[in-house]
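In what follows, a structure is listed as structure tokens, so that the remarks can point back to it.
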Amino acid sequence: MRALYQIVWLPPLMSFVLITGLIECSIILMDLPAYLAPRPSAVALALWMHAEELLKATWHTGVAALLGLGMSALLGALLAITLASHPLIRRAFYPYAVFFQTVPIIAIAPMLVIWFGYGQGAVVAASFIVSVFPIIANTLTGLLSTDPALLDLFRIAKASSLHTLFKLRIPGAIPHFLTGLRIASGLAVIGAIVGEFVADSYEDGGGIGTAVEIALKEQRTDLVFAAVLMSSLLGLLIFWLVSGLNLLTLKRWHLGEFKDS
Amino acid sequence: MKHRQGAGLKLRGIHRQFEGRPVLNHLDLDIAPGEFLAIIGPSGCGKSTLLRLIADLDQPDQGTLDQSEEDVDVAFVFQDPCLLPWRSVIENVALPLELQGVPHHHRMPAAEALLKTVGLGEAQGKFPQQLSGGMKMRVSLARALITRPDLLLLDEPFAALDDITRHHLDDHLQSLWLNHPMTVVFVTHSLSEAVYLADRVVLLSAGGGDITLDYKVPLAHPRTPATRVSTPFIDHLKIVSEAFELLARTPE
Amino acid sequence: DASDDPGVGTPFKADIQLNWVPEPEFGGYYAARDSGLFDQEHLEVELKPGGPGIPTLQLIESGQVTFGITTADNILIARDRGADLVALFALYQILPEGIMVHAERGLGGLEDVFKGGTLAMEPGTPTFKVLEKRFGFHQIHVVPYTNNLAPFLHDPLLSQQCYVTVEPIAAKRAGASPQVFPISDTGYNPYSGVLVTRREVLIKHQEEVHRLIRAVKAGWIAYLKDPTPANQTMHQLNPTMDEATFEASSKVQTPFITGMPATPIGQMNLERWQTLSGQLVELGLIQPGDTQSAFLPSE
Amino acid sequence: MRALYQIVWLPPLMSFVLITGLIECSIILMDLPAYLAPRPSAVALALWMHAEELLKATWHTGVAALLGLGMSALLGALLAITLASHPLIRRAFYPYAVFFQTVPIIAIAPMLVIWFGYGQGAVVAASFIVSVFPIIANTLTGLLSTDPALLDLFRIAKASSLHTLFKLRIPGAIPHFLTGLRIASGLAVIGAIVGEFVADSYEDGGGIGTAVEIALKEQRTDLVFAAVLMSSLLGLLIFWLVSGLNLLTLKRWHLGEFKDS
Amino acid sequence: MKHRQGAGLKLRGIHRQFEGRPVLNHLDLDIAPGEFLAIIGPSGCGKSTLLRLIADLDQPDQGTLDQSEEDVDVAFVFQDPCLLPWRSVIENVALPLELQGVPHHHRMPAAEALLKTVGLGEAQGKFPQQLSGGMKMRVSLARALITRPDLLLLDEPFAALDDITRHHLDDHLQSLWLNHPMTVVFVTHSLSEAVYLADRVVLLSAGGGDITLDYKVPLAHPRTPATRVSTPFIDHLKIVSEAFELLARTPE
């Protein structure tokens, strides 16, 4: 017989019910005004009333976030490999990766818009910029922490640096890369939302960012939270996707990570 | 295929220290091409360090190390098995050939054949973490042999094996060396194994980092299981053992 | 009656939460402060500069500040949510917001703007909804506005929202020739730069509030006469805006303050509040409600 | 003799000079309008003219970011330990860590302001929220990938779970924690800036976020970029601080990572 | 201090398989309290697996395993040294005492003393990655001995050591066992070491996973270096060796 808690979705569901119940009660008891903290039930109602638009917005944002994450995975890994290739390159250019991470999207919004046009392109770019750094940093750590004994083995076999890279460093860095990807998955969503704040086109309804912005302006706190909830669910979904990928890839050789989930 | 005699080595005044404490102390050592040299010595005396220097994995603080030929193909069996955890056993063994660009359909049969000779024919699809300690070391040995190197460095390759398997692999190594001439430097802590296999046994001193004994074993190759119980063998072993014991009794 | 004798007792303490950093739209307040008009009314006023994302309404509602500046439509929306706010003084008789286009396009009016090109605008605001309702966004590509002129300067077919006091001046300086169509042309013309407080405050400190309004009014009259001293003070506080911009901007805003036809400074009337309320109801932003109590009629 | 490139600050400086030079030249050659990309020299001028305010703003933001990062390090590590303690807890509550990461600060800005007050408090909270997830995720990975052989050792020694935690899992997770901290360092800066966008008090001059937003509204692109540059330098500074900590702690037992820098 | 005879064990019908292939095949084995049992067998026959089952690190697919006493203090010397890389040698050795709550000023001297007996008195401040292979194994041995366990499980502890050090540690282990009674289960691939140390030698078969030979060594303890060259010892060794060789020659 399977223990109840082993059913994957049960524990988060239970804690969700518990937490929202607690919030609902405390808001009622403390008599907090709705514009401050809307009651979960009000949020649920807003979610229900605006389900169609919110789902469309989530889809819109989700596509952009996945594209951004995909670019981050690809370019982030490539950048990490480039940085790993020589200490000189690493010293000279790693700071720019940090730079990328600390630049506020709003400050470079016009550039995004002028290069990629309003709409999906700029949103994906924002998602990429926000999510790429953890992938670079984690992959780089992985590439640089190859077991020295295995490096010796490759040196003795007179392996070319390309071979050492592809047959040793990269396979060894995959677990690190995947941790980076997990961190990046949430950032890709938030990046897409921020991108929508600054560069989305409203014609096709827009994404979660647009929905949040409109709800904020209309002082509809319940709708704001409903949209935030959707963004979090989207983040979770992508996170779970990535974690699934993780399990699939690491089953064979990575030690204990998440072996229970 | 190469037609070499194996690579010769000339070590002169090799000095290596860790944190101020010398491990190898101005060591001179000549290794002839095609020689089978065994290195013995107490635990921690610097055997692995010497092997790493020969393999160019580490640099001496002083002294020089010359190879008789250019472009020597070296293989190393480390004291730990050092397998790539994400590759199956056969892929691990085939790795050196893969790195030399040997195509898949050539390297896989070669790896399979070698795995059989080390008694792991059936484990070829397993992953390293599914193997026992001795099995891992045998995979590592097979991997070192697959390129038929000019210079084979072995750091206690058979330490994790039972005597029977060990004797079997001793003989396998010997026949390989006889048929495909190469220089072998063999670190072991089994004195009888050293005497059984080597042309020459070198005993490193603990602490001092010098050569205490450099003994030529005047037994003809190939040596066979019968050699192990022959009187000359036992006599040679006695000499080496006594030198070792004397060394071990001497305070540093 | 103590209130008739403002020189007695400890002065009444009041803080006014501005909704942005010091700029000409607050000139009268700084003028009042610097030329001692608040002191004369026996008030101790602290002007709190705002900044990005300042939640003025929430700060007033939660009592963290006594007075604040916002727009009339925001006041009605907040009241609809249950916050009992009262408008005290309205600076701009005409909404100083507009749609800025490139003059080269030779557009004749707001309706022409919506026949093509791109419009950069913050979504969700009442203005946004008014324009959408009135003109429809079918032919125009609507995108966010992030307070950056680059897209406008880059794209001759891009129109954007603007404050008449800010963007057109900057666009001109960057070499463009902007043309502005005021939003008020649509008939949507809420008071803005409105001084607001909670009813509670008004009930408790009626006299003090009236004194404050008097001082503010006097401050604005002084500022309109000679903006330079207050502008200098504000430039000290906000070095990002240079002095020339301060001057240009204070000149531009004057007609929006005095109104067309000219109206006494700060004055509000019920009719306009009712019109606004009706418009917001129509936009679906509020339920019909009492507008009489939304503002304090001028004395 | 030390090779030139081994001097830590030289390679980034050289690449910086190179890159800005290239940008300056291409802007001049291509005659790009200033609104699009201000010339580095214009940015430098703005930096110089507004040095005092910008430095004050950077200090303001830096303090908030360091406080946020400190809280992330502390609470993130504690949360990771809690999550690692039992699969049930992990399943039930890990999703909320993801939630934290995907919530747009702007949407919860009013709450931050009400809870932490307008100004530093809310900004630190934003910095914390944005930067905590990588620490949780990386530390958790570290805590869960303890060498199974060492776990066996502790089981045989009948070690209590507290002992296993403090003497095995936590020391083993330190390298992962530090990678998380490196990723978080940039995020803490951007979090503080975003926090300032939505909740900073202008009274004490405000931070970089405030400076950016004001410069944006006032249409001073050169100042926007000067402020962004300061934020990036701040990010780098904190990143280097954290990396230094890394080297210090890991010198003894972590394998090859950054052994050259 | 404890006054035990060590823990006894009763294994009944122990069955363990990996990927469908049985490694231990319905094994029955009794270990008496205080016994010194050596387990030998070809590489990959399941010796480590058996030890892990006894240590409760792994569960059998079928069969039962009963201990004669409750709350047995077990220590394990793994085939790999398994040292914590962030702890110095002496801190690694003191770890089990630390986990039992023994205060610093008691556990450190104890660890220091033990390190001396395994010949590592001078390495106590080093870190694992600064040690040679044999040194690591000796640290691991010292760590296992420090708690004076009731049941000591050793998986080829001396494989990485030279014969002299090995003989020295054999004798040290024997005297420890004689002075502080405990049950010892000792996996080794050195048949002479098995016969030299053990009360009883058990030979596991490869593939089958059965006990092929269960041989009681009727030599009195303590055994000394002289024992190694005595005729009775050589005779016992011959019996075990022949059984082993026969097993190795039998196809699986």
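Each chain carries a letter (A, B, C, D and E) given by its place in the written order, and its residues are counted from 1.
Going forward, contacts are C-beta pairs under 8 Å (C-beta built on N, C-alpha and C of every residue); 3 or more make two chains touch, one makes a residue touch a chain.
What you see is a predicted model, and the numbers here were worked out from it, not measured in a lab.
*Asks:* If you walk from chain to touching chain, how few steps can bring you from subunit B to subunit D?
*Replies:* Minimum number of steps from subunit B to subunit D: 2.
*Asks:* Where the contacts of subunit D and subunit E overlap, which chains show up?
*Replies:* Output, common partners of subunit D and subunit E: nil, no chain qualifies.
*Asks:* Name whichever of A-B and C-D has more C-beta pairs touching across its two chains.
*Replies:* C-D
*Asks:* Measure off the straight-line distance from the CA centroid of subunit C to the CA centroid of subunit E, and report it in whole Å.
*Replies:* 85
*Asks:* Suppose each chain is reduced to the average of its Cα coordinates; what separation in Å results between subunit B and subunit E?
*Replies:* Here the centre of subunit E sits 27 Å away from the centre of subunit B.
*Asks:* Centroid from C-alpha atoms only, then distance subunit A to subunit D, rounded to Å. What do you get?
*Replies:* The mean C-alpha positions of subunit A and subunit D differ by 16 Å.
*Asks:* Using mean CA coordinates as chain centres, what's the subunit A-subunit B distance in Å?
*Replies:* Centres of subunit A and subunit B (C-alpha means) sit 50 Å apart.
*Asks:* Where does subunit E touch two or more other chains at once, residue-wise?
*Replies:* 80
*Asks:* At least two other chains touched by the same residue of subunit A: list those residues.
*Replies:* Residue numbers touching two or more other chains: 35-36, 106, 110-111, 114, 197, 216.
*Asks:* Give the residues of subunit C touching no fewer than two other chains, as numbers and ranges.
*Replies:* Those would be 58, 146, 148, 150, 154.
*Asks:* When you check every pair of chains, which ones turn out to touch?
*Replies:* According to the stated criterion, the contacting chain pairs are A-B, A-C, A-D, B-E, C-D, D-E.
*Asks:* Could you pull out which subunit C residues touch subunit A in their complex?
*Replies:* Interface residues on subunit C, with respect to subunit A: 57-58, 61, 74, 77-78, 81-83, 118, 122-125, 128, 137, 141-144, 146, 148, 150-151, 154, 285.
*Asks:* Okay, in this complex, where on subunit B does subunit A touch?
*Replies:* By the definition above, subunit B touches subunit A via 52, 55-57, 73-76, 78, 80, 82, 84-86, 95-96, 98-100, 127, 129, 147.
*Asks:* Report the residues of subunit A in contact with subunit B in the complex, numbered from low to high.
*Replies:* Of all residues in subunit A, those touching subunit B are 149-150, 152-160, 163, 167-168, 171-172, 174, 252-253.
*Asks:* With touch defined as at the start, can you tell me which subunit B residues reach subunit E in the complex?
*Replies:* Interface residues on the subunit B side: 18-19, 40-44, 47-48, 79-80, 119, 123, 130-135, 138, 155-156, 159-166, 189-191, 241, 244-245, 248.
*Asks:* Mind listing the subunit D positions that touch subunit C in their complex?
*Replies:* 33-36, 50, 53, 106, 109-110, 113-114, 118, 196-203, 206, 209-211, 213-221, 223-224
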